[in-house]
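The first chain written gets the first letter, and so on, giving A, B, C and D; residue counts start at 1 in each chain.
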């Protein structure tokens, strides 16, 4: 027993020695980046990380005379994993600022986490659920890229007025981001006089949409599709195979370049499809060309042009750098100065607009109404139809009225 | 072993004085919570002889109950005094355990694996799709640990001790349960179910009781988990955590309640630091390889291998010591 | 060596089997079997391997459901009762191949056996060290000759000790009918007289059915003998009479020569 | 009413797909009592390899063969060098297949990335035709699935009922010890069966990737659907797999059409109901 006792004490002592940590001197800024680096969204998440890294590379890896250390953590699209990643960054790596996350529900989770971690400033990556800032906002959680509803600005009006679609059916995934996108589309579309008789909320990862395809009412003029990745490919393929010929209106990630680059006869359905997005990969603007060139030279292994994720993580990184520069790296008093400077920040975005925050710490953005077109080589791309400037979170509507619509859900909004 | 256990507990009590908050929250506390969940699995495996994939589901039932009946930022649910919420959570997880037992009562071996896996997936999809109780994909967030008897469980040190106390209680309950007549009957069912009936004890209630008890233990972990994570969602009851729990139980070894906790700390360390040591992209491969290695090389898990190695060494000592060790190893 | 007096006809019926039949697919293991066991009766069942003897036991205890027929235990129709209810009604059995809880100790096994036969089973609370259940378990161990092995794991017992434990379990509570399935199988010549002694010392009011291939033990401990062949109950009678009947010579004794 | 019939057809075609994907799983389980948790990832592997081959050669059938063959090789390797050592230790085998599926899935993500792949169909299977009575367009490849399922089912039935290997397999389902006692090289037979099961998974993957699409995560979905199909139909029975696939396929499609939100849950409810009343599955034999 005594031998055993000694052994245990020894093991315990070694363990304690291993566990104790040296306290680091604060002569550098630590920034954590959370993105999805595993599972189906991994390649998108990697592009998000590239965006953030690009911002810091352009700044020479320094801000306000201090070194910037970047620590990347992976989540897996689940709110739980995003929170775990953030906890590790906060408690273990002692980061000052967190950039991320990528997807809707993760953003809501980090906003809640931020409330209990006032010593850290959270800058959202590309997560676009409305509620992350609009309801129950947190004063150390900032979002420069806007939400999924803002990303649809202009589309509803365009569909009703320019394309003359009187009735539209909705097919969308069943979680917070598509809810927000549908809200963005419908709030304009319904106000313009359009009707949405039927909404299909399908579980994410649904493979077989055939029964949804056949349930779409015959009398609608178009289908608003807010599906991402494989879901979009599957739905469109099956719709095409079933002989479907209604025009498509795309959600922001439905007309993503990765889907336009996928192979299959379904693509002809997409030609001419309008969509809303804050990021157009082959936008002709000067700032965007510079941004793309910088992206390509820094990441030759990256995508052929920056995705919406790279774009938004880049803006987050840029905002952080500008804010830190303004306050000269002063993070005292729970980042009070930095927060104030972020709230008042104005800078030129890669799409040439001016980024600034509203009172909910949510970006007022420039949004594009785009159209899928066939390039000369037969591949598909997006071209800009319309630029909608200064889109705020209430889509230009009266804030009180907008808020009265209530939190987005499967049933809300509704205009059958 | 009981003396060793005592020592471990003493070390765990003084440990917080030496470690950072991160180690306390994210490594120790999280390990112990996972360990309690794994204990509910190793209990079933060791004493009833079935492998249940439904333990995360049972923990989830308790977790969702706490979320629903506590203040949260979701706008769903009813606020109850925390003691009521905890009592309800444990009641529901126990009942859910009984339900799983009632469905899986006739199944052993791989059949029990498949059936419990299917049940847990049904629950997972249900939570993901249902918004009126479970708030779907997003789940509940902003749940905070209560102030219990004047101290706030939100304080990480207090919470750590509460967790440690719960783990000790869970271990004690398991030991007590297994030596009660019902616990003996559970072990009897594992060895020879027909004989249990032939001494006048119906096996169905015994099996259901074992699952219900495991539900209670899993529920303890579910409650603590929600308080620590401050959130719960369909992901918390998905296939990932379900398989993780099995990995934990296997790594630690299923022969002794302590194995669950050894497996948990090992898993948490890998989970937390592999991303630092190796490429973050290949994290799952590392986990898979570790699991493969342990299953192939040390089927009794870390604790099991340690115990049998210890036995091999002591074989050469005199008989008295041998007997002592034998007793030690079997609590 | 009759153990009961001659007034068998006045005795109560402990176990009544009527038209008991069990089929496995097209194979009839027990075929329309009738048998009445009176209280205090000691009956040996003879028959070659595959005659359906053990299946009959499994039917009586409810390990297998009946295909046809009925079973009355102590006057109560029990054909559809689950095993544990029949046990609680006073039925006990041993298994041919010891069916025991290898991971429990002898004490725990006997405790379970004692606890199990109670209708309101005190399963849920831990038993106190000196409770009546412990006393009863100790008593059973004494009968079975295992008092010194109380804390040994059943898995570590010798073959003979396991058989003793089987018998100990079968005598727990207040048994009315005990079915012994080849209790002497695998026992050494030295152990056999001990078993005979044990069987002979059973309380007089106990009804016993014994399957045993050891003729000496079977005849010595029984006062009535049944012969089964191909699932059928061929005949029953006084031991001497049956053993010397032509049928038995042909199907059973004949085979041994 | 029209919708009702179309959804029935959808259910039937989806059931065909489920049947094809579950066959390998139930075959391996039936003979070897191995719960092959790597079934889904083998399916994904076959699909990726099939994709590459179809892209390279342009021949769809070649893709199916390549997908099947490569999985057969991987399966044979797994059984010969890893799983075979623990035959009879079912829990450990299950755990090993879980570990393998984690490793392999990560490898596939590394090799093929997170994008969605669709395997190009031959000209004649592309697009849709108009169904006569219902007067709606319907995908040709989906209709073909019914035929494929029948072919797979019949071939498997012939193999099991008519060939010597089949007789051995059936004997093995009933009594593994007997096989060994009769002097069959059970190790070799197990390797062959596992390779066959894996090949079925691989081919199913290519078919799946052509009819729908594949991406990381497909493996888990199909492991789960195979599991449910096999549990409902009866573990280890090909007929059971067909019946289970039919039930699940129909439930899923009717769910999707009439109650999209809880469609997935229906599937699992059917399973729980079956389990509660018939734990061995509808056509399965009782566990012992």
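As a working rule, a contact is a pair of C-beta atoms (placed from the backbone, for glycine too) under 8 Å apart; a residue touches a chain by one contact, two chains touch by 3 or more.
Quick caveat, the model's predicted, so the values are computed rather than measured.
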On the document's contact criterion, could you list the chains that touch subunit A and likewise touch subunit D? B
Taking mean CA positions as centres, which chain lies farthest from subunit A? C
Could you put a whole-Å number on the gap between the CA centroids of subunit C and subunit D? 50
With chain centres taken as the means of their Cα atoms, state the distance from subunit A to subunit C in Å. 74
Based only on mean CA positions, could you tell me how far subunit B sits from subunit C in angstrom? 43
Distance between chain centroids, defined by C-alpha means - subunit A, subunit B (Å): 36
Quick check on subunit B: which residues sit in contact with 2+ other chains? 125, 128-129, 281, 283-284
Within subunit C, the set of residues that touch 2 or more other chains is none
By the touch rule stated above, which residues of subunit A touch at least two different other chains? 38, 42, 174, 203, 410
Every chain pair in contact, whichever chains are involved: A-B, A-D, B-C, B-D
Report the residues of subunit C in contact with subunit B in the complex, numbered from low to high. 61-63, 82-84, 87-88, 92-93, 95, 99-104, 108-109, 111-113, 115-118, 121-127, 169, 172-173
Spell out the part of subunit B that touches subunit A in their complex, as residue ranges. 3-4, 7-8, 11, 15, 18-23, 25-26, 73, 75, 125, 128-129, 131, 136-139, 141-142, 229-231, 233, 235-236, 238, 240, 272, 275, 280-281, 283-284
Across the complex, what residues on subunit B touch subunit C? 176, 179-182, 184-185, 187-188, 190-192, 194-202, 206
Touch list for subunit A against partner subunit D, complex: 38-44, 174, 200-203, 205-212, 214-215, 229-230, 233-234, 237-238, 240-244, 258-259, 262-265, 410
Show me the residue ranges of subunit D that touch subunit B in the complex, using the header's touch definition. 33, 35, 82, 89-92, 94-96, 98-103, 105-107, 110, 220, 224, 227-228, 230-231, 235, 261-262, 264-265, 268-269, 271-272, 275-276, 279, 287
